[in-house]
Amino acid sequence: MEDKKEGTVKSEGNNVSDPRIIAFVCNWCTYSGADLAGTSRMKYSDNVRVIKLPCSGRIDPLFIIEAFKKGAKGVLVSGCHPGDCHYISGNYHSRRKYAAFRDLLGFLGVDLNRIEFSWISASEGNKWVSVINEFTDKIKSLNDNSSDIFKK
Amino acid sequence: MARIGVFVCWCGSNIAGTVDVAKVTEEAKKVPGVVTAVDYKYMCSDPGQNSLRNMIKEQKLTGVVLAACSPHMHENTFRKAAVKEGLNPYFVEIANIREQVSWVHEDKERATQKAVDLMKMMVEKVKRDRPIEDVRVPLNKKALVIGGGISGIQAALDIANGGVEVLLVEKEPSIGGRMIQLDETFPTLDCSSCIMTPKMVEVNQHPNIKLYTYSEVEDVSGYIGNFKVKIKKKARSVVEKDCTGCGDCWNACPMHKNVKSEFNMNLSERTAIYVPFPQAVPLVPVLDRSVCLHFKKGGKCVKCYEACGPKCIDFDIKDEIIEETVGAIVASTGYDLMDNSLYGEYGYGKYKDVVSGLQFERLLSASGPTEGVIKRPSDGTTPQTIVFIQCVGSRDPEKGVPYCSKVCCMYTAKHAKLFAHKVHGSQSYVFYIDIRATSKGYEEFVRGTMEQDGAVYLRGRVSRIYEDEGKLIVKGADTLSGNQVEIAADMVVLATGVIPKKGSDKVAQMLGISYDKYGFFTESHPKLRPAESSTAGIYLAGMAQGPRDIPESVVSGSAAASKILGLFSKNEYEVEGTIASVNEATCVACFYCQRVCGFSAISRKEIKDRSGKVIKVVASVNPGLCTGCGACVNACFSKSIDVKGFMDDQIYAEIKSLAI
Amino acid sequence: MEEKYFEIEAENLKKFVNSLISDNFNVIAPKDKDGDTFYGKIDKFDEANLDILLPKMSYKEYLLPKTETLFEYSFSGADVDIKDGLASVTGENKKRVIFGGRPCDAAAGPIMEKVFNWDYRDEFFNERFKNLTIISIACEKPDNYCFCTEMQLSPESSYGSDILLKKEGNKYFAAVVSEKGLELITPYLSLFKETTKDKVPADKDWKKIFEIEKTKGFLDKNFEHNYFQDRFLSCIGCGICTYICPTCHCFDIQDEGNLKEGRRIRNWDSCQFAIFTLHTSGHNPRVTQGDRYRQRLMHKFKIYSEKFNKYLCVGCGRCSRNCPEDIDLKEIARDLSLL
Amino acid sequence: MANTDEKLQKIANDLLESGEVSLVIGYTKGSNPQRMRPAFITKTEDAGRLSFSRYAVQDLAVFLKKPEVKKFGKIGIVVKGCDEKALNALIQEYQVSRDNIKIIGVECNGIIRQNLADKGETAVSEATVYDKCLICNEHTPILYDYLVESGEPKLNVSGNIKPYAKIEELDAMSPEEKNSFWEKEFDKCIKCYACRQACPLCYCSRCIVEKNMPQWIDTNLEETGNAQWNLIRAYHLSGRCIGCGECERACPVNIPLMMINEKMARDTYELFGYKSGLDINAKPVFGVFSESDFNEFIK
Amino acid sequence: MENIYLPKLAEIKEIIQETSDTKTIRLTINSGSIDFLPGQFGEFSVIGEGESTFGFSSSPLRKEFFEFSFRASGRATTGINGLNPGDKLSFRGPYGNYFDTAKMKGKNLVFVGGGIGMAPVKSILEYCFDERDDYGKITVLYGARTVNDLLYKNVFDDWKKYKNTEVVITVDPGGETPDWTGKVGFVPTILEQLPLKGENTIAVVCGPPIMIKFALKSLEEKMGFDKENIITTLENRMKCGLGKCGRCNVGSVYVCKDGPVFTARELESLPNDF
């Protein structure tokens, strides 16, 4: 129907200057890295909300879609460095999947600036801070119209 | 019906200073399903835990959310408290409002909002928690120790003395590790081999220890209680059981000059068939096929064979794979020295008389290349002046590593002392940054080197070393006096930093344990679980974990051993029940889950009807092998497999709760 | 109402449609898109493609949108606030004109109207139906997949249309069969020339190739017949037949939203999906595709007619033309009538 | 062609007669002279219905996922080269056992686009066949138990028509442009799931969209739900799609699904050197990994 | 103009944990019940989680509440399962036909229920209890797989108090506990052992399809019940409950409107599509 869309869910807030960012992180490396940033009292952007998973191998592309559906302006996926996976190969499998998934999203018109992937180890509190801060800045700098196709 | 309790912790002012805990509590009360919400100064304290327990009891809570510090800190504390009130431990969820909120954000209003979001998120998760029962797996009461240095030896002996069978696997032809290379040990100056050798012999003779030297662990699979290990026993070319260690073979070997002795840090030569050092355990030579003329020249040379009385030389021995099942593993793979050639200005490798700390140990050792007489590698003369340089590589983020190698201060002081004792009238100079001598008797020891043995300690770095008329000219700074100094030395000893043993990262990957960016194995908790690795059933000991001295290495070996003995005191081990499970109704048996499972935890299961006919094939999870990583869930197109504790509907609800 | 007849020159018909558009009517007409023709909103007469037999899809979505919001909800603490979705449909009050559709499509409205109004009145449907004025053009050359004649209609049937146009040369005869139709053209009467029925060319004698009553007769007696299981082995259960059908109206009701707000919607659904009748217990009354296609046949040719005295099929042939596996409903209905 | 048909009929007859299979899935004449339709032959006397032509557009491998068809046990199936790749992928993913299937391969020289055929097109040419035919390397199936040569004239590919040309066009667009392109396409979607049903590799007995705990993919038939569905479909087919094009052919609203599938097939090949459906012994690309996999997108 | 899909909000008055996985929820609207008849059903929902269809399980004559019983298995029921007393539940109904109480008047009644299928039986049973004098002898036979799977244990004793009433509870063989005092045996088997005759008696049978099948067989073939006098309910999947969405078609009936209550005679005329 071309002439009217009735009653789609509205959203509030979440403007360009204050974007919601959802980070899916593995329990062993990145979550611990974020803990280290905390323990070290490093300061970083408060736009991010972290969802903890056992492993980056558990971070399903569906989570990313869902995060965008629920209004996230940026999604971060972070796990252990290659070779460091607590579960041996979870991050390798997810890397391969995400390489393809990212291509697919890009082809369908999702601005890939809105999705970030990182390897952050338990000792890289500072990397966590810089990844979050840089990602937040990047999201803030994006034109809001370049939003994704999953949420109207 | 959901009856959720939310507990907001102040953590003193750690949280309450930045987060409006009262607001978080108020917001919690508004969330459907939350029947009570309170804030408390220290939830982890006894009164805090008691209030949690009381509330569970009084309010008949079906789940609790603690808005507090990281789950890595106190999740277990609170789970244990909940269990005491009959709540399944997995109905406890933590909203991390300290490490992720109060400690990292400053704007109180926004921090509070974030804390509220995280709290709501965990309420949604806990509402969808299911009781999870832990899985019990039987234990194979046998342990594997990887690495036969002092910590591995200690671990093996302690375990074996506890009545448990141990496999000790050592890559080198002999056990003994780095410690057996040392001369005397600080701060007591007892002779390393004198205290080490009896332990090595004890290992060899212990009825509970099976020793595999010149062997490597090639593959490890399985899980706590049930590790399948493959040990590669490299071809020694000598039949161990027949060998008497008489030495006729190596005396007969024509390869005298060309092979550098690894044990002597390349300061001497060995033969192709050799024992690394006279007290080697086992005292059975190894034939180094890479240099042996028999192997290099098509079987012509058989001199050792001819010399051997019992005829136990066998050129045809092949590498052998031994398969064993063990219940626990100690990883004590030890350390190497950093590559000194990174410091070109010190001339290591260019000037023969610039040596590493370990080389100097060999020069000091009575069993060393110079039989304990300190001689310059260049001309064999005894040096009168030696410059010791500390922190070579250590504490140097630019060229080396940022960490302190911990033992260098002490061994340099020991070197200077022994030098003074052995060469009368000699002089040593020590360039240092700080002196770290923190254990019992250490400070006194260093002071003795300075005061009684006359070592001159100069605070500063050496900028350059060059050779001039047979002397090594050491140019450096004495930052205390502010002067540039120049010392004409006969020898320079570099107190090189330590790094993990080459290949230890591969060992870690094989074992599935985590390691830090330098390659040191990471403990499960740096303070509270220092002997455990990140993987259940695998324990850590010695320098593989980080720089430490001998007593600490011994302690860590014993700690690992006591953990294993404790583990083996029961017949079963409880594995966390957070594992995958298959929805057999919708599984189509494509087995992508099996392909991505790193633990071989997925197998085929045939569902049969009453007549025994297979009506369906589905994936099936082995609870003992499954670690709950969830890679299978990601691989499953129809979401017919899910992992308990991180179920799809929980993650969905978490994301949903964050909607804006 | 008594039917009225007009003549209108092709040129005037164009003017008429363009006037409707400029007078803010939403005019929906067959429109070329991606190498096919679909119904769609036109901004001028020339966008309409009146040369094709039928657009690929029917205009069902203007009566039953693909997704309809039944109501919106929002939460504040434990309280929920509900906003009636009907309000936006009634408030919309947007007149739509379907122009250039075929008699078969037009017939779908009054047929579906029955199920949406027995006992409980579905005002979503009613409101949309009420605001829809349908100007159909009689078919001159039905194709081999068409069987409206067998379905008690004909290529020249005015059932369900408000105005039926018949082309003759460079002009059209317009039969205005409803008040709605008359109301629509009244402001533009200058473009029309009133005439009488006898001037309008008589309907052709459309021949039936089978008797649908006989098809129903077979269905009445042969629920368990092997025909269904064998014939529909080639059905892949894609459901295209139901989605593009002008009369298939099955829907699903779902909630979508987050913890703050959301909506209850109804979505098009299809009896061809295994999950359609799957019970929570795992029991499924319709296990095979044969069972499911049988239900489609039953619903079209037996159930609906027994319940509402109308076949739930207008014989447009879309399902046959678009079936990826070349399952031809006309052929099946004929085969069954002969069994 | 008559020759081809006879051969097919003979093979089917022999297979059924010997009891080697209890069902042969092939093509037969359809509802008009320019259409073919699937035929399910269980009796030798029906074998004579089998036929093949330039209109044999369906990928018959799709039927192997139907429980009703699986019940037949041993099955003979007529496949073109592209369709045969689906069999290979199904074997790789344990959905079909090589032992239970007799592959009757037919050489194919191109299939006329169905919409053109319906409008009367009869000539096989670059301009009339599917894009997949223009890039086809498997006119002769890779794996077969029987091979029937085609009586159809060879397809001449001059290269003047660039298959899937739109992919490069889209690749060059900005995210906003791509977004609006697909927004229009997905808006048309009616979520009939014909793309799924027509796909030989969409064999899940319960599709992810049919799972509602949780409901990952919105159920609505508007832009949001449609985009999610189309994304997840394409994602699930990434590295698996063998390019038969059935999804796009089935789509009643003409969404260019093969553009997405082909794009992902190209990218998967570029990233991991893998092409789907070529080797029954190969490990599916997303069931394995390499330590040296593409890492540049990760910080 | 009424939106027939718009739910009312009912408040949860009480939640009874019937078995480990089933509950009965008592609802009120304006502190009272709604008008419905035994056999009818409603669409219940936690808004946001979708609707689910349940028959009423209480007697409409008890005006202080209305109730339904459910097992948490899908999304909607899991949502309902998470609710506490005092929470709101959305509700549409009552829908469908109902037990013909006029026809039952003056007759002996036998009520046969299996598992959670007892829910609609309880409604009509308690309705008859509430007007006890209008009916003859009442026999209740209720069975479940195991003792733990029996619903309504808290009201069995109440039922037994009514005059001229026999209450028989049974569990499937193997489902009994050591202290079980009721019968052990499948419902149709126990049914055949009861001193019942088809004359002047009406049977109401609800439960899992397999139980209904055999219970009907017993009643018709062994106990001489006329098909007209056996009443049962169909449990088809429904969405709208209003005879629109097309899901519950069986033969020419819409179960949601023409049912869910059918006599065995009516059932006989329906194709095997349920």
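Labels for the chains are A, B, C, D and E, by order of writing; each one numbers its residues from 1.
In this text, contacts are C-beta pairs under 8 Å (C-beta built on N, C-alpha and C of every residue); 3 or more make two chains touch, one makes a residue touch a chain.
Worth saying up front: this structure is predicted, and the values here are computed from it rather than measured.
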Query = Going only through chains that touch each other, what is the minimum step count from chain B to chain C?
reply = 1
Key: Least hop count linking chain B to chain E through chains in contact   = 1
Note = Per-chain Cα centroid nearest the overall protein Cα centroid belongs to chain A
Query = Any idea whether C-D or D-E has more C-beta pairs in contact?
reply = C-D
Inquiry  = Using C-alpha centres only, name the chain that sits farthest from chain E.
reply    = B
Note = Chain-centre distance (mean CA atoms) for chain D and chain E, in whole Å, is 49
Query = Any idea how many Å lie between the Cα centroids of chain B and chain D?
reply = 52
Inquiry  = Nearest whole angstrom, what separates the Cα centre of chain C from the Cα centre of chain E?
reply    = 39
Key: Length of the line joining the C-alpha centres of chain A and chain B, rounded to whole Å   = 32
Sequence positions of chain A contacting 2 or more other chains = 8, 66, 70, 83, 89, 93, 97
Ask   = If you look at chain D, which of its residues touch at least two other chains?
value = 205-206, 208, 213-216, 218, 222, 286, 288
Message = If I count partner chains per residue in chain C, which residues reach a count of at least 2?
response = 66, 75, 78, 85, 252, 254, 256-259, 262
Query = Mind pulling up the chain D residues that touch chain B in the complex?
reply = 93-95, 203-208, 211, 213-216, 236, 283-284, 286-288
Message = Taking the touch rule as given, give the residues of chain C at its contact with chain E in the complex, in rising order.
response = 70-71, 73, 75, 78-80, 82, 84-86, 90, 115-116, 118-124, 127, 223-224, 249-255, 257, 259, 262, 264, 266, 269, 271, 276-281, 283, 285-286, 291, 295, 298-299, 302-303, 306-307
Key: chain D residues within the chain E interface of the complex   = 212-215
Task = Over in the complex, which chain D residues touch chain C? Could you list them?
result = 30-32, 35-40, 58, 62-63, 66-69, 115, 118, 188, 190-194, 196-198, 205-206, 210, 215, 218-222, 225, 246, 249-250, 252-254
Note = Per the touch rule above, chain A residues touching chain B in the complex are 11-14, 20, 22, 28-29, 31-32, 34-35, 37-39, 41-44, 46, 49-55, 57-60, 63, 66-67, 70-72, 80, 83-90, 93-94, 97, 121-124, 129
